[in-house]
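Input: one structure, supplied below.
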Amino acid sequence: MTGYRLAIGSWCVGGMGDRYTPYTDPVPLAEQIKRVAQVKGVTGIELVYPFEGLPLSDVRQMVQDAGLKVAGCICGTIIAPPFQHGSLSNANSELWQKAIDEGKKNIDSVAALEGDIVSFWPGQDGFDYPFQVDYRVVWDRLARALEQLSDHNPDLTIVLEYKPKEPRTHSLIANIGKTLALCAQIGRPNLGVLIDFGHALMGEENVAESVILTHLHGRPMHIHFNDNYAKWDDDMIVGTVHPQETLEFLVALKQTNYRGWVSLDQFPFREDPVKACQLSIDNLNALVAMADRLDLTALEAAQATMDAVATQEIVSKLFFGR
Amino acid sequence: MTGYRLAIGSWCVGGMGDRYTPYTDPVPLAEQIKRVAQVKGVTGIELVYPFEGLPLSDVRQMVQDAGLKVAGCICGTIIAPPFQHGSLSNANSELWQKAIDEGKKNIDSVAALEGDIVSFWPGQDGFDYPFQVDYRVVWDRLARALEQLSDHNPDLTIVLEYKPKEPRTHSLIANIGKTLALCAQIGRPNLGVLIDFGHALMGEENVAESVILTHLHGRPMHIHFNDNYAKWDDDMIVGTVHPQETLEFLVALKQTNYRGWVSLDQFPFREDPVKACQLSIDNLNALVAMADRLDLTALEAAQATMDAVATQEIVSKLFFGR
Amino acid sequence: MTGYRLAIGSWCVGGMGDRYTPYTDPVPLAEQIKRVAQVKGVTGIELVYPFEGLPLSDVRQMVQDAGLKVAGCICGTIIAPPFQHGSLSNANSELWQKAIDEGKKNIDSVAALEGDIVSFWPGQDGFDYPFQVDYRVVWDRLARALEQLSDHNPDLTIVLEYKPKEPRTHSLIANIGKTLALCAQIGRPNLGVLIDFGHALMGEENVAESVILTHLHGRPMHIHFNDNYAKWDDDMIVGTVHPQETLEFLVALKQTNYRGWVSLDQFPFREDPVKACQLSIDNLNALVAMADRLDLTALEAAQATMDAVATQEIVSKLFFGR
Amino acid sequence: MTGYRLAIGSWCVGGMGDRYTPYTDPVPLAEQIKRVAQVKGVTGIELVYPFEGLPLSDVRQMVQDAGLKVAGCICGTIIAPPFQHGSLSNANSELWQKAIDEGKKNIDSVAALEGDIVSFWPGQDGFDYPFQVDYRVVWDRLARALEQLSDHNPDLTIVLEYKPKEPRTHSLIANIGKTLALCAQIGRPNLGVLIDFGHALMGEENVAESVILTHLHGRPMHIHFNDNYAKWDDDMIVGTVHPQETLEFLVALKQTNYRGWVSLDQFPFREDPVKACQLSIDNLNALVAMADRLDLTALEAAQATMDAVATQEIVSKLFFGR
């Protein structure tokens, strides 16, 4: 497996808290960048627009000084008030326009920082209760906003990070299917999908299947790695709960000849964040090596029989070393 | 709310069993039809192709004698061996072709019985283990099969019943998003979606949103009612666990001017099936009346604020009678 | 249904945030108390030790001035660092002792404030990863700590609030069963259970059954009301998703002759907190009235048949007004 | 890890079906025994009372001829009608007594077959709907029945197999906590717990913790191995989805010095059952070897820090071979 590059989301090494308590103090961006650079094997960083309000030239210099590249930027402003009831889908026209404007600034930042990927995770775009929103309104808003954002800079790839829930009880862009259907509806070639391993697991997806579907639909793709217990976005260290599905995810990336960034997105609330990221990267590299040891021809022959024992004998051998 | 018609799936009043034990003996189709006719308020029946091998003329007569109409037929043969590893997506070319042939016979049956809806629930099309199938192969097969089936009789509406899992641990056609993305990919106007309330709940969907999305994507739609605990396809009596979401489902049907069949799909393993269906129909009618009492203008005004308290005050009043 | 009293947890009307963003500013305790007093029908408040460090006499006066009574106190200090790896079960002896000391202060506060209930929710006592803790050590610690706390003031009732997960991926005191088994092991009569409706739903419990089990095991009980989607602790307005199970919960309280406090525990992240609480109280009162209209003799006769149709006919009539 | 013995449940190699279709024909017990004997490394079999009505002497001879030992028997009759509304908890006195009588015959069979373990999985003892049963009645029945069964032959160990749901939407004996609380209430030393890996995962348990809790409560224990996706009892091949939690389960058995039978309980609906069992046994043995390679002293030192990175570094090394 070659051609991919490893990155870490800057938030993975930032301050951590939840709705009950903070666990660690806020960490300035400058320090986040340094921490990412400490993780061996990593060459890129994903940043969160608006970069604490720092000038883009400063951000660019800090990343360069750390020996890193900007993989891309995610739009952070649309996750916080006044967008608590939605950003790109907000039923209030003024807020909706404001969210689109923020989105365009995120796109411009990626261009200015020479990043590769513009990410949007419209986490507040959803609802908490039955009857809370008029689905006709919010889905129309969302589609029209994404048209505008896709057209803002057609040279850049925009990816939508889907997630079933949190912080809302229901997200609009909830899973791979809704994301692909939305992309088809909008019909812009630079609009694609951010597959987060844990978000997909939460939605009871097989993540490798989601990669293949994105590929079959001809959509650009970006990747977030982590792990969880398949019920919630626990954002854990890679490979600690679902190693086989992580391996299968990697094999799907190989089969689709994925050449982009592979990023970590984890929340080490109680752990040393650099060590937690390092262990994820080490596990990921070990799984990549495992993917390369996997005899794909034999696997595909076994898959042609559709017999689970035939395929699992191959996978089990790889894991349990017989 | 007008223009819709109530039907019952013949299997709801058939013999019941699970992987551990049978609960009731098999019930011949003739008796199933009579039982459906006993449920007050119901005018249609959904049948399962191949109708115990009876001649279509006999089936037609039995339904007519019972004072019912054929709402549609679901293809039963593709759920059983030799299709245990998949039907319309089977990696084995011979089985795949055979499944398509069965599908065409299901379509022809609906035409012959003057039904309105051709249903496919490809429940065996999926996988149980990581690595078990080559997703590129099975999704391609599935798309090509559905193209053929959509083109077989373009005058008839074909609907795909999605479900996250069971009998496989993962279905290909798992949720509203994957179904709409697949329909978009295939691009046939007579191909649509069967929204089963319980299947949508299992997939953590808000079912009303799924109705609206289907409408926004311009897809034909068919409806199955039941209830469950949002974890598994318990196929329970309507309105017994999630009355508000059931009401919202009905309101969405009203908003999209739904004029088709509304069917029950439930499994009263341990109950008198006619009584269980009657209670579902009675609850459904009560919820329809509630939907008609709901002030849609006031609701939409509250939804424009996106404030959950504003909308829930309206809904709570309706349910708790203040 | 008589003899119970309504209270609200002070945090329900405090500042709200999650791991991504704050939604509202912190709210001083004085203001929280005033807000609770604005909710019609409520006579009590649940407070969080250590009360922002205010002298107990001040707290007492503020509550009295607001026309409220102290229902009880929950120990807030054990949820925050340095207890992020556990409080009453911490493997570090010093931290463990410190947590016990905090617990005793919580108990003493309830005595000083003439409250009725001492609550402990050991939310940090659990683990996030396989292999993270030695279960033999942490469960032993937990049991010994609870012995000490139960013995600290045997005149006061101590209740343990169970919850399957959050903030840890796995809590030690996860569900009704583990709580009752722990109480049985410790063997102190003043140690009981705090049943939070939403926590029980998350754990796939029928909450009424949990009430009955607590009663059958002879344990003291305290109650938190809210609602959720049965997957996560959404802490929503009462009765908005699961009205039948909420009604059944109330019926179980009636059957066990519950005479204590009934509190709200909800998180209106995006809503006006006073209005959100008022709607919960109004829905709760409507459901109490419904419980009183329920013919218990008829219900029990139907339950003796174990036939779901027989019991649901009674419940459906109550909800859908036939 | 020594002293344990491997067995297979006879049903794992029997005919398979679900509520939609049969997959394979019924398999006579004689053939089931032969199939179990084909799996290398296995020395025992778990049988299902009443053994197709065969005389016990015949059963005994068949097992002996196959070179196997009877690990134990599970009571099969209480899962089928007339017990569809409950067996040991049935509200109908006559059925309840009949279920107890069946249970005693199961106990007597184990004695006659010189098995070690008497198993009860009261799968029909639960409910499907809110309000369906009077929890006070059914829990009282269940406790009194188990007292009688425990006292029937105090020399034999009786274990209760808990499971959150299926075939009912809610089981009474749902999880480790409820089982241990029930055992404590009944107070018979020969009454214990059957921990099925998949049932525990379904209930969001960490299975190793459940082993330790059973040990701390001083209860006898029996073990079923399999795997699933933590949502449903998929009864899959061991180690194919959750290898780390399976390893941790084995480590807990080692730490508690478990010396009993370790059985497979899987449902290879679509697979060759002997091959599926063989792969489970091979994976299990590989994980046992891994458990033996694990440095328990180092692990416990890491656990004393409660730091997930410290423990996962050890576990990851074991799995990913750095």
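Some observations on this one:
Each chain gets a letter, A, B, C and D, in the order it is written, and its residues are counted from 1.
Operating definition for what follows: a residue touches a chain if its C-beta (ideal position, glycine included) is under 8 Å from a C-beta of that chain, and two chains touch if they have at least 3 such contacts.
From a predicted model like this one, the values you see are computed outputs, not experimental measurements.
Chains that touch both chain A and chain B are the following: C, D.
The greatest centre-to-centre distance from chain C, using averaged C-alpha positions, is reached by B. Computed from the mean C-alpha positions, the centre of chain B lies at a distance of 36 Å from the centre of chain D. Here the spacing of chain B and chain C, counted between their Cα centres, is 39 Å. Annotation for chain C: residues touching 2 or more other chains are 85, 128-130, 165, 204, 229, 231, 237, 240-241, 244-245, 270, 307-308, 312, 315.
Those residues of chain C lying in contact with chain A across their complex are 16-23, 79-81, 84-85, 123, 128-130, 165-167, 169, 228-229, 231-232, 234, 236-237, 240-241, 267, 269-270.
Residues of chain D touching chain A in their complex: 204, 229-231, 237, 239-245, 268, 270-272, 275-276, 279, 282-283, 286-287, 290, 307-309, 312-313, 315-316, 319-322. Taken together, the chain C residues at the contact with chain D in this complex read 85-86, 90-92, 127-137, 139-140, 164-165, 170, 174-181, 184-185, 203-206, 208-209, 212-213, 215-217, 244-245, 247-248, 251-252, 255, 299-300, 303-304, 306-308, 311-312, 314-315.
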